[in-house]
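Across the two complexes that follow, chain A remains constant while its partner is chain B and subsequently chain C.
And then the complex of A and B:
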């Protein structure tokens, strides 16, 4: 094979490779890049597609989010609500780690059955999960109030609706986390535990000083994915809380003011602030997680 | 002395173990009970679900809701619509993802690292920052109340899937592909005949997760679809709830239950698969 010929082959290979990735590139340009640029542009205007109004407004929409008498409260409350709802992350992590540790014990039989059961909510229709829990939290004929002989306004009180949502989210989210933590714990070599046992360490000591430090990669992964998902919460605001003000998240605000009220400038500005938060979190993940270092 | 210590240690671990079982059984009950309650509710007459004297089991068993649901909303159509999104997206999208991953993993490509990095950056962009322009574009094309906005993006592949495939292909010896090249196979042919069969388990695992994601997608369908005839299952059941004023709980629970059956069936059938795919996706194993 002459040098020229092999050079030609390499060039052909490179072109073929580009053809193979072209659907991905086209998809990225059309559905992500272009839309992002448009939305970024809108965030500096007072665009309203119904009235056809579109004037350059500089940082005006961003300023409005924090100062305008009509939107300020709704926007800031949507941020506070979202942050409040993120509490489900630490709660479910604590529960999942403990369950995983229990199940990871060698003597514990029936792991598979329990794993299957715990993961069930993750493979249940979203509407179903939200409706069952909404029904159970109902004030007058819900099972939870009936059980405690109480009349707690779970779905109508601004704080309690978030608490109820957190409980529901923990229930539906721990399955994935338990499985991840169990996988992480199974990777820990028995030698560590054996050495600790020789020194007379009890189960609590082993958990705190061996298991926990060695599952930090999983911990990190669950926190990050929890944050990314948590900041984008939307479906349960409608399905579980019925759009209750106390449960409205940032994404709900964007949808509501964007498609609902046609204030595209304002909604785009909010969406860019959200995107910035998520990008920072994801960048952290890329930086710290071994998962991404596939090239090495 | 030594013997005594051993016995007490054994007792402790027995206590710990039985305590673990007790906790796990309570937990398992908490996980399963809402399902039971959902299914039992579907067999109740409407009045029983809103009575303050709540009973877990129906007093009068009725399957009325299972008849009504097909009449009150186009429920069958909803299933069909969901599948109309699922099938092309999963088939075409998985294929384009695998093909792209193959180029990244096994072929020489100019600027491959930069291209991959740029593509992966799209994982950082939340849908909330994209849907307003998308909505505006689709509605100016007259494509609202149409399934195309839900299908089109998926056809161009899924970048987290691509990433997963690249990792998987890294474990497949390049020598296998070199041999095919000597036999005169083109790149597409060696992808099709050598890589694809090897990639099959990874593809199936990823496709199952994607299937789940599309089935449960609520945000995008709720934006684009306002007419019942075009609605996918999730917004359709929400519509069912809204039109009934949230009062006909047995009916709503029937919708919720029926829309979960396919997912749970797939899950129970491929349970082992799910678990390993989950750990692989997160990079823990």
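And then the complex of A and C:
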């Protein structure tokens, strides 16, 4: 009797759970999965919704990305630019860990105020952030050049525009990361530190041998989400870099060379390549994640 | 458990990766559906009955100001035609084509289409031939008073797949407006520089502001003189338009039908070299073509450039600025292919004309709304009252030739003066551009943007990139080296477009 009752409860619980998650699942199927399948199909055609062309092209669109005189250079450049811009991930992680460690210290005063300040960029409009930083980096009248009495062509030089984007992205990304690292650090039991202090460990030793290893799950999470976000970068190129060729990312290529010309086959092929890159990198990270310390 | 969690996380990461595709809006493929249910195979104007009621959708773009102007003009149309209800919808220019493409299976009855998109859309069969099957469509008599260039731009021959007026061609849009894009200068800043450098009697500076186009040589020389002592961050122009340089040197990007590259012709090479020379002279900043867009407008508005390129639509903003006096210049011209001035092949001052069309969807024929839709497009294109409102709001120059010459240039009705708008005083330059070259002695004219002539657009981005990345602006390479290096890729792009058209 009790068994029957508990069985019913479990079933009811499962149904309730299903009801709660069903909007998400239905949304995912309709707006993501179906789109993905359609897009995958398009990537093997020369589909153009305006002209109505849709001829099976096999791997033609994928091959065009690397060989067609009109698209080859732009696509390969966009890959290189994207990889360069991913440098903002390690830089922001290093800065975030250091700030989090500093704020986590018992001697640090004004923790709450500082936490709010550092999180502000995360809740500020992306458009506003990009435009403000664009003005700050402007060559002739930007604040940064004015401060250094310099004439650095931040927004017009092929390499410097990427450096400027990395600086901006580090600034706007550390807010969330600091909060995550702080949460990770606060979960570390004091016992570890007390034991280390008894053995005569200094703050640097404790940071390197206790704090850092024990926040590796957070580190792992930030690397994965950072890489996925980094590969999908688009708004910055448009708003901050004004579409400068030195800053064009893969998604920018998809938008401007594919969708912008109504070449949906080409855009779909580039999208699937990008997805494949992201999946492979993510899978590799999971495969080689022995450095991550799971304490429980 | 830990293993399961890992698999789940891995799967979720994979899905996050695939979320690159999220946001697509499903299939475009497959058949039509769409629209109302009134199948009507008669010539389309016959589907209009003055005693019946119609409801049509009109999609446009623009900022809040433009949308407000359109709402007022559409209200006027509905007052004049109480049996036609127009549902006006608009979004920002940046979102517009994405929105329109998303509605491809069920397009609004009337919608804007930039001329640069026209080739693909007309080839795709989405646009109604407004001439009608037996010439019973648009009021062709009224069209005679609309700029010839503007009207001809929207002709297309579905058999030969050629743009422009020809035997057997139909007309697939009515011109919304013509956007002559020419130079405007800051009167006060220029006068300050003239006074500062004692250039009151300088012949080249006087020629530059005389209202007659000057040669590239005079332009460069006068600008260099004007910029003396202007300040470290003040330039002559924030950037120079590629089309203006090429067109004004009697040159082309490609030959007839956009089949063969002419990038390496002497005249085209010299035009690009002119842009490079402006940079090495310090007249434009060293990012050259890359400096256009908002940055150029801001530089001009903030007195960091003596002049910039403007269209009529920019005056809505300029009029709102205090103590900002602006007038127009015709763009300078080059010596042409023989590299000698005062010969038969000299370039002429040629600006590009940005244009958009009011298109009537092919689907309106099935819906039975083609007649009512065409009436709206006609009203917006050439109704006198509507055109008067458009120009008085700083929206555009009139589409109507007589209104432009008799009313807009002299402001004979005092409409612009009443609003406190005197600029631009030389607005006849706008009109000269849209009216095209009337005869051999006419020195000022205009042409559509180069992207109007090509099916795909990536070649243009690639060309600008090749120029911007080349070192032309620092004098490290010549225009010939840049264009010869890019020519094969350009020809491949043209070949690709021809293949597309021949498919």
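Operating definition for what follows: the second predicted complex is superposed on the first by the 252 of 296 C-alpha atoms of A that agree within 3 Å, B and C clash if a C-alpha of one lies under 4 Å from a C-alpha of the other, contacts with A are read in each partner's own complex, and residues count from 1 in each chain.
As a convention for this text, a contact is a pair of C-beta atoms (placed from the backbone, for glycine too) under 8 Å apart; a residue touches a chain by one contact, two chains touch by 3 or more.
All of these numbers come straight from a predicted model, not from anything done at the bench.
By the touch criterion defined above, A:271 lies against chain B and chain C together after alignment on the C-alpha atoms of chain A. When both complexes are overlaid on chain A, the residue A:156 reaches chain C alone and has no touch with chain B.
Contact with chain B, but none with chain C, is seen for A:114 once the two complexes are overlaid on the shared chain.
Of the two partners chain B and chain C, it is B that touches the larger number of chain A residues. Look at A:60: by the touch rule set out above, it reaches neither chain B nor chain C. Looking at the shared chain after the overlay, A:245 reaches chain C, while chain B stays out of its contact range.
Legend: residue contacts after superposition of the two complexes on their common chain; A:180 is shown touching chain B, with no touch to chain C. Once the two complexes are overlaid on the shared chain, A:73 sits against chain C while remaining clear of chain B. Looking at the shared chain after the overlay, A:49 reaches both chain B and chain C.
Residue overlap on chain A between the chain B contacts of one complex and the chain C contacts of the other covers 28, 31-32, 34-36, 38-39, 49, 140-141, 225, 231-232, 242, 251, 254, 259, 264, 271, 274-275, 278-279, 282-283, 294. In the complex of the two chains, the chain B residues touching chain A come out as 13, 16-17, 20-21, 23-24, 27-28, 30-32, 34-35, 37-38, 41, 49-52, 54, 56, 96-97, 99-100, 102-104, 107-110, 112-113, 115, 118-119, 122-137, 152-153, 155-157, 159, 162-163, 166-167, 170, 186-188, 191, 212, 215-216, 218-219, 222-223, 233-234, 237-238, 241, 246, 249, 252-253, 255-257, 259-260, 263-264, 266-268, 271, 274-275, 278-279, 282-285. Every residue of chain A that touches chain C in the complex is listed here, in rising order: 28, 31-32, 34-36, 38-39, 47-55, 68-71, 73-74, 139-141, 153, 156, 158, 224-225, 228, 231-232, 242, 244-245, 251, 254, 256-257, 259-264, 271, 274-275, 278-279, 282-283, 286, 294.
Of all residues in chain C, those touching chain A in their complex are 2, 6, 9-10, 13-29, 98, 101, 104, 117, 120-121, 123-126, 232-233, 285-287, 290-291, 293-295, 302, 304, 456-459, 461-462, 465, 468-469, 488-489, 492-493, 496, 500, 503. Of all residues in chain A, those touching chain B in their complex are 10, 13-14, 16-18, 20-21, 23-28, 30-32, 34-36, 38-39, 42, 49, 99, 102-103, 105, 107-108, 110, 112-121, 123-128, 131-133, 135-136, 140-141, 143, 146, 171, 175-176, 179-180, 183-184, 187, 203, 217-218, 221, 225, 231-232, 234-235, 238-239, 242, 250-251, 254-255, 258-259, 264, 267-268, 271-272, 274-275, 278-279, 282-283, 289-291, 294-295.
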